[in-house]
């Protein structure tokens, strides 16, 4: 039962990481990456590391996402095709 | 009771996985943002459930920060999307 | 006493999960952003609040009860605000509304 | 050819890493060196040696104080790098991207943010000050303050936000984490101990626990304020439009 819970969220984590890498639209990649951070915070809490979960939720999901969005708006929206 | 809570958490997690479809595919950026908000709410509930599964009650602080930061991210990114195309228009 | 508390908490959790399922269905099946906002934010708020209130019942009289109630109140306020912000940003970016395919009325207030 | 080669290298690296992972002891195994040497020492002695109830805070700020000081310096260097590239704003109030957008922000969001931001800051103060008892601590609380300023800036604009936290308040506080850490470390030297021992061996015996606890709280507050100001400065430097200084400055 516990294994199933862990497995569900690990699969979600890997899926979000792959989607963030594969996205061509950089804004979409940033937004999916914030989901990755949220699920990572849940996994840290699952591993009984609440301090790390707090850091991941505050810095990873909150501050970094907004800074990335600002950067995307300052530069280009689409990834360049080869 | 612990097994019951775990089953509920797994169901909500699978729900979040389905909602992730909207965050990944969603035709407009607003769709993606909505998907992030929904997935975030679901993981927030799972954080609360995991707190009671592990019976470590001070983990609730994590849920608190989670809720606060979800609000911050959604409103900030929505505001930026609102102001998006004005440079080209002017 | 403890058994009754567990039953109430379990029932609230089941209600919350049901509303989560409804919200997910709405998020997947609705045609455009504005209609998707409608089921997902409301059902998610209700689902999350009922699960959190269920956990508050489960924890009994303690500090956790206080924290959980505060989280539920915050969620009640913030989720609605987030929905409003997303909808407004979609409106300002002129994302087209969904129209029924069969009968094109053209002026936008038909169907 | 290049593609095949890179795929081959990635596959080889993956196999190597999986092999290493397979030879690692299982997670939570009580027979590993970490579980037999380090953890029991921390769990048994941390309470009496560091006088903090949260063992993690004790380990981070007391046992591994040098590491944390390095991390604080790294954060400060990140701010220095950002400011070296983007430049600090000159005196006066500045405008940003969302300020000059023709679309004003919504009344509902404004009201909610004005209502929420004090509670967010209150919770971050709780996180900083309660960090030695419950999870949390200086850097987490600082990041939450940074989040509250992010939402305030994006909704009310950089003009209003930089009026609330002007540069002459922000600039001296940015280094407070490093300064407080070094001062507390030097205080240990003055008292006759080693650098960063948080201890005065010659002080009265009854004074020692309270002293260690209060110094830990002081370091937490310093890290929290410094981290928050660094994050806010990075945000302001990034969303600022090029030196557009308002006339009423």
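Note that the chains are named A, B, C and D in the order they appear, and that numbering of residues resets to 1 at the start of each chain.
As a working rule, contacts are C-beta pairs under 8 Å (C-beta built on N, C-alpha and C of every residue); 3 or more make two chains touch, one makes a residue touch a chain.
Nothing here was measured: the structure is a model prediction, and the numbers come from that model.
Between the chain pairs B-D and B-C, more C-beta pairs are in contact across B-C. We define each chain's centre as the mean of its Cα atoms; on that basis chain B and chain D are separated by 23 Å.
Centre-to-centre separation of chain B and chain C, using mean CA positions: 12 Å.
Look at where the CA atoms of chain A average out and do the same for chain D: the two points lie 20 Å apart.
Under the contact definition stated at the top, the residues of chain B that touch 2 or more other chains are 33, 35, 58-59, 61-62, 64-65, 68-72, 75-76, 79-80, 82, 84.
Shared interface positions of chain C, i.e. residues touching 2 or more other chains, are given as 74, 78, 81, 85, 88, 92.
Shared interface positions of chain D, defined as residues touching 2 or more other chains, are 97, 103, 109, 116, 127, 135-136, 140, 144, 147, 150, 154.
Taken as a graph of touching chains, this assembly fits none of the simple shapes: it is neither a line, a ring, a star nor a complete graph. Across the assembly, chains come into contact as A-B, A-D, B-C, B-D, C-D.
Interface of chain C with chain B (complex): residues 6, 9-10, 13-14, 16-17, 20-21, 23-24, 27-28, 33, 36-37, 40-41, 44-45, 47-48, 51-52, 55, 58-59, 62-64, 67-68, 70-71, 74-75, 78-79, 81-83, 85-86, 88-90, 92-93, 95.
Every residue of chain A that touches chain B in the complex is listed here, in rising order: 1-2, 4-5, 8-9, 11-12, 15-16, 19, 23, 25, 27-28, 31-32, 34-35, 38-39, 41-42, 45-46, 48, 50, 53-54, 57-58, 61-62, 65-66, 69-70, 73.
For chain A in complex with chain D, the residues that touch the partner chain are 50-51, 53-55, 58-59, 62-63, 66-67, 70-71, 73-74.
Residues of chain D that touch chain A in their complex: 56-57, 97, 127, 135-137, 139-140, 143-144, 146-147, 150, 154, 231, 234-235, 238-239.
In the complex of the two chains, the chain B residues touching chain A come out as 3, 6-7, 9-10, 13-14, 16-17, 20, 23-24, 29, 32-33, 35-36, 39-40, 43, 46-47, 50-51, 54, 56, 58-59, 61-62, 65-66, 69-70, 72-73, 76-77, 80, 84.
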